[in-house]
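The same chain A turns up in both complexes below, where it pairs with chain B and then with chain C.
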Partner chain A sequence: MQRNASRLPTYLFIVGTHTGLIFFFYAHATLRTTAYAHWQPAVVYICIEALCLFLLLAGLARVPGKDFADLFIPLGKVVSLLLLAPLVAYFLLVSLMVMRSFAELVRIMFVANTPMWALLALLVLLFMFGAFMGGDSILRANVVFSALFLPVLLFALSSCFKNADFHYLYPSWNSSFDFLRKQEFYSSMFVVSPFLVIGMLPPLSPLRPRGVFLTMLPIWALCLIALHIPILVFGTPAARLLVFPFLATMDSVSLLWLVFDRVTLFYAVSIMAFVSVHASFLLWSIGRIVHKRFPKCPEKPVIAAAAVSLFVWGLMIPGWDWLQNMLFWETWLRILAVFAIPAAVLWRGLILSRRRAAS
Partner chain B sequence: MRANSCLADLQQAAASREDLKIEPFALRGTPVWIAGLESLIQRAKTRYELLGSLPETSCSFEELAARLFGEFVPSSELLGKLLQGKLAVLSGDGTRAFVLESEPAELKRAVDLPKEETIVGAPSAAFVEDLNTNVGLLRHTFGSADLRVEYVSRGGPADKRIALVYLGSEASPQLVSEIRGRISAPYRYPVRSEQALISLLTGTRWQLISPLYNTELPEQVSDELLLGRVAILMDGQCTAAITPSSIRNFFAMFSDKHFPYPLMLAIRAVRIIGLLVALLLPGLYVALIAVNPETLKIELALSLAMSRLNVPYPAFIEIIIMLFIIEMVVEASLRLPKSIGPTITMVGGIILGQAVVQAQLVSNLVIIVLAATTIANFTLVGFNNALTIRFLKYFIVCLSAMYGAMGLFAGLIGFILYISSIRINGIPFMRLR
Partner chain C sequence: MIRPRRLPACIALICALTVLPGCWDIKDINHRVLPIIMGISYSKDHKYKVSLQVPVPTARNIRNLVVSAEAATLSKAISHLDMNIESHLDLTHMQLILFDRKVAEEGIQDEIAFAMRTQEIPMKALLAVTNEDMESFLRKTGNSVVQNGSSFMNFFNKNAGWDPQITLAALWQAFETIHSETKDIALPVIRAGTSTMLEFEGSALMSRDRMVGQIPPEQSLLVNIANNQIEDAVLEVTKSSSLLIVRNSTRHRGSIVDGRPVLHTRMQLSAIIKEKHDDKSVDEIASELTEQIRSRYELLYEKLLKAKSDPTGAGQHFRGLLPYDELTSWRERYYPHLILKCDVSTVIVNQGNISSN
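Up next is the complex of A and B:
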């Protein structure tokens, strides 16, 4: 489609989709997996993501220009449905999680009196608008968001080190690896899932596996930093109690020379941009996959239907606790999406490339 | 064919066009009729020049046409040629006619300084209304054989003449042929304005951001042509419309390149900040005053609250009223005669700046916000672009009034998504080249 296009928008998009989750969920999700030495589950998450990403990229590299739908649809009606339906459901669930949690965060921070339906309506309209604009528009918009908001986010992030106490890093070794036995570890695994959107990128922009892995290096470093910031400020036991540990850490920073009372404002608006990119792209992907699988369903009505269902489900979720429960319930769907889909992509890639070589 | 059809047709046409003059004349002994629109040509001068360019000996009608570089035309096309400002010479019996260039009436102004885009330290010739002069200006500025000029004739009675100008080596043939195709396509109204061009190029009348970037500077056009774009010149317009436009046209001008590189970057950075200020500042005011005062430092929040102490209505109404007044001042000052303009601006300034605040109808801060917004708006390059931002800020003000800082940034995110989705002839608007 765009043979001479620069790969920068793609790499920035990968950074953007991860940023939305890292600074939003990562600390909370990882902190609840174990009592101390949190770098261990974080590193395991990174290894899992690296492995799954490797499988996905190895598959995609063998069949350039094809996305999930193009790879799975030729497998027949039943098999393609079995692979694509959980993926679509998972994309929808991640969008729901991101949207509902962000609405919760905004409500805590900015607009305590605004009813939830009004907040959700704004977010859903924004995501739907982005999805209507199309995948390549989201990629381009993300370049602008990165230029505007990444520096702001890094500023907010670095300001947190003002209150850091590095003694909180200890104890730094947990020989029991108890997190592996906890369900929280598996239910928090959605923090590694943003890499799945890479599977929808090839028709928009060419991918170079090495470039993608190089992009992931700073992201993984940011994961570790984002996890440790609340620990460094509050200490592990206190940080584990917080629902939005990152937000609380930001709130603790006071910069005298700043016009604003808290740096939280910068944090929230930057996160909002990247959350919008992520959720819009997921909605667009849902429209794309459904349209390719059922060509009679046009993309935009599918996106609109997905957005309306997000709004309705978002309203039905009563609060943060329920959101946590939802994470438990959909653990199996998540494990299927994170492991089975990349493996299936690799399998299809191998078969198709062999078939091409034979012919 | 009717006898003396050319003459009869012209006489019939002249009945309802009294500026069409047909008179008998003798060219070196050959009786002829000469016809022309006295509103477009200088008759006396043309007659004098006509005689001066012929030899003393008598010659036939065909010889006359050859010596005067005349072009024989059928009766049906004669009136059209006369409307283009040509002179017709008809044979004595009125059956045949040829047309030739005449001395035009002085309807065109000379190449002048730019009226809208004043620039520092750069060549300052600007386009005028005449298409040929404008094409000539471009040829003169560019001076390369690579500059291609195509005239698009749409054929409608009220359609204006359009020229496409591009560089053969830079513009992609696909782009040129697509633009040519779109501009020649049927349109339900006469193509006389830029709006018609926008509709033809995009297929919609509802796009907020124009696919055309207007400039009255030939130097700017030549820079854009080097980037592979196409300039559309329309007769009667003293700007060239460059397509496909890009976000770059909001903040970059060729004349910036007359400064050292770091200074050029600084100037462009000012314009980008201007764009953000013009778009966001009124919304930020509403968000911080009405919805999220707690995000400000307490000292600042208190001083802001003090400035609005006796203002009787919410921040949203306050800023909307003042924004409308500013819009009216800008609109009025565009149309005011030059002699009255400064007076009205001064009166407007005093009323807005002083009296309204003293009467405690709005706060001091609103005046500062408005001044900053209006000034920032005009840092943008291109009047069209400034207009787009002027318009879009109202959406952001409304969102800010509803959702505070979150609405403000949701508006910004929506705006960026919108401009990222625009494609002009298949080329994304959001690109830096």
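Up next is the complex of A and C:
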């Protein structure tokens, strides 16, 4: 094993994939779950992610160097297909969501008249290019992106506190927990899903569960901050009306001494980098899993096919509201992917390690 | 020679070239006009009249252009203007959205929503109210823009010509306070000046989205003091002296006593003596200022409570004290019955170069 290989790229990659989603979706997804005291659903999300991540890591740690496909394929044709097909479908859906929403963001913010196909083509080509380069390259590219864009994002983030009114933290306790009964809460659960990519990492780089959890701590803190910044600036009722609350918050910052008029520009470019890393890795994972399950299918055509389907699918979504509806329809898939897959990994990990101990 | 293995990547990169240059429907800068002030008023025939002040650069100078259009909706009026102007109308550099007083009194929720919804108008654009005829205002102020391209910016710029009396209200703040349960905003009321570009008449008190009253500049200074907005020194004249307030820190604390909200406000002012007429001691001068600010602040609050307008954000301090359902009726049920307990203290920092007249 590459004991001395630096684990930094892996940890940065986990940060990167989360960053793309946190700064992009997290605030809106969580804000729509309830009317006030939004830290409650946020903390529940964090607990869910921590629990599932714990299951996943506990499973992966018992069988070093194996990813989802390696763990599930020995189960037989039907069972492995039952487990891997939803996973692949889910990866595809997440990339679709991310891609389509980013295109919508670019359209709302910068180029209102540019046709959707041009934006989607650019994004799909970028993702496909990344996926063709392979997981290793994506990890390395992410190191560069992190060095370039994380400081920028953190600067943009801290500049938002200029307008913050901390009284909006109150009322801070909602004893009804009404978000648990709302479907929005479950459809917004995709914000916890980036941890699933960790299951594809072991063949690329060794994982240490403790290190992963330590990486997650700042990410979770960032989740809470990213959620609360629009609340502090706009107040809860106004923040709930915004489609991209985080973006709007950045737009409100007036820094006269800054060379550029709009902090938003930094934000969009940085988000684009992390979104690309995330989506490219998902596409590559799809290629990897399909190839391992059906060795006759080579990786690259699978990736290309997935990219084309992303493009077509993305074009078929007529507007923003459909995107939100799609989130409702695929709730069951998400719950399956987020809960069942880590549980299955733990179960496989336990069986395989016991078998190895017996032999 | 390109190795076959690299071929797909190369093709992908070349394809990307078609979209990367960004030459889609971009209009060059010389084909755009960038209005800096948008005036919204009502008209007789149609609902809205939108007037734009557009600085047009000519060979040597800036020419000022004022255009207006009337239509049933704001976007219709703007697209009408766009049609008639020879270049593309680009609102991304809008600095100020000016409301006619009547529009402000009717409520500006829809207008603010329009400005927030469109991606073009920046959220940090400032808002103001005027009593004057919109077109003549824009024409008059335009002349000083011709002389000094940034004169308008400087009026509201904290690093330039801004004065502590002037209330600042950005588009995003109006959006925030229209929807907030416990906070309002004050918009500056301006008119075209005779010798200067703009004159500040006072602040428009807003209750949610409606203008419900107006306060003079001395009182809007107090609003800024209460919001800790003073970043500059401000001169205050008392009976026997002129004092420069150099630092101010205001803290508010809310409490509920017998079902009535009580707001404790503590202002700490630091001042420098500029002029002195009678032979009064430093302590006497300090207590004069203290008394003056306190009585004026109490007077302001009487006005605010009557108007149900809360530009100092008093309601914010009760967010943690009231349950959420009560909070939504804060403006009607609690705010008019608020009791103000104001405590001002003044420290005289120094007396300048001499200690006595």
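Operating definition for what follows: the second predicted complex is superposed on the first by the 356 of 359 C-alpha atoms of A that agree within 3 Å, B and C clash if a C-alpha of one lies under 4 Å from a C-alpha of the other, contacts with A are read in each partner's own complex, and residues count from 1 in each chain.
Everything below uses one rule, namely that contacts are C-beta pairs under 8 Å (C-beta built on N, C-alpha and C of every residue); 3 or more make two chains touch, one makes a residue touch a chain.
Just so you know, these numbers come straight off a predicted model, no measurement behind them.
A.B. asks: Which partner does A:265 reach: the first (chain B), the second (chain C), both, or neither?
C.D. replies: First partner only, chain B.
A.B. asks: Quick one: classify A:126 as touching chain B (first), chain C (second), both or neither.
C.D. replies: A:126 sits against chain B and chain C alike.
A.B. asks: Tell me which of chain B and chain C touches more residues of chain A.
C.D. replies: With both complexes superposed on chain A, more residues of chain A are touched by C.
A.B. asks: Pick one for A:253: touches chain B only (first), chain C only (second), both, or neither.
C.D. replies: second
A.B. asks: Where does A:137 make contact in the superposed view: on chain B (first), on chain C (second), on both, or on neither?
C.D. replies: A:137 sits against chain B, while chain C stays out of touch.
A.B. asks: First (chain B), second (chain C), both or neither: which does A:172 touch?
C.D. replies: A:172: touches chain C, not chain B.
A.B. asks: Kindly classify A:309 by the partners it touches after superposition: chain B alone (first), chain C alone (second), both, or neither?
C.D. replies: Once the two structures are laid over each other on A, A:309 reaches no partner at all.
A.B. asks: Is A:235 touching anything from chain B or chain C once the two structures are fitted on A? First, second, both or neither.
C.D. replies: second
A.B. asks: Determine, under the contact definition given at the top, whether A:114 touches first (chain B), second (chain C), both, or neither.
C.D. replies: both
A.B. asks: If we overlay the two complexes on their shared chain A, which of chain B and chain C does A:353 touch? Say first, second, both or neither.
C.D. replies: neither
A.B. asks: Overlap the chain B and chain C contact sets on chain A and report the shared residues.
C.D. replies: After superposing on chain A, chain A residues 110-111, 114, 118-119, 122, 126, 129, 133, 261-262 contact both chain B and chain C.
A.B. asks: Under the stated contact criterion, what part of chain A meets chain B in this complex?
C.D. replies: Against chain B, chain A makes touches at 106, 110-111, 114, 118-119, 122-123, 126, 129-130, 133-134, 136-138, 140-141, 143-145, 258-262, 264-265, 268-269, 272-273, 276, 280.
A.B. asks: Taking the complex as given, what residues does chain C use to touch chain A?
C.D. replies: 8-9, 12-13, 15-16, 19-20, 24-25, 116, 119-120, 122-124, 157-159, 170, 172, 175-183, 313, 316-317, 319-320, 322-324, 327
A.B. asks: Touching residues of chain A toward chain C in the complex: what are they?
C.D. replies: Touching chain C from chain A are residues 35-36, 108-114, 118-119, 121-122, 125-126, 128-129, 132-133, 163, 165, 167-168, 170-172, 174, 233-235, 237-238, 241, 248, 251-254, 256, 261-262, 300, 304.
A.B. asks: What does chain B use to touch chain A in their complex?
C.D. replies: 291-292, 294-298, 300-301, 399, 402-407, 409-410, 413-414, 416-418, 420-421, 428, 430
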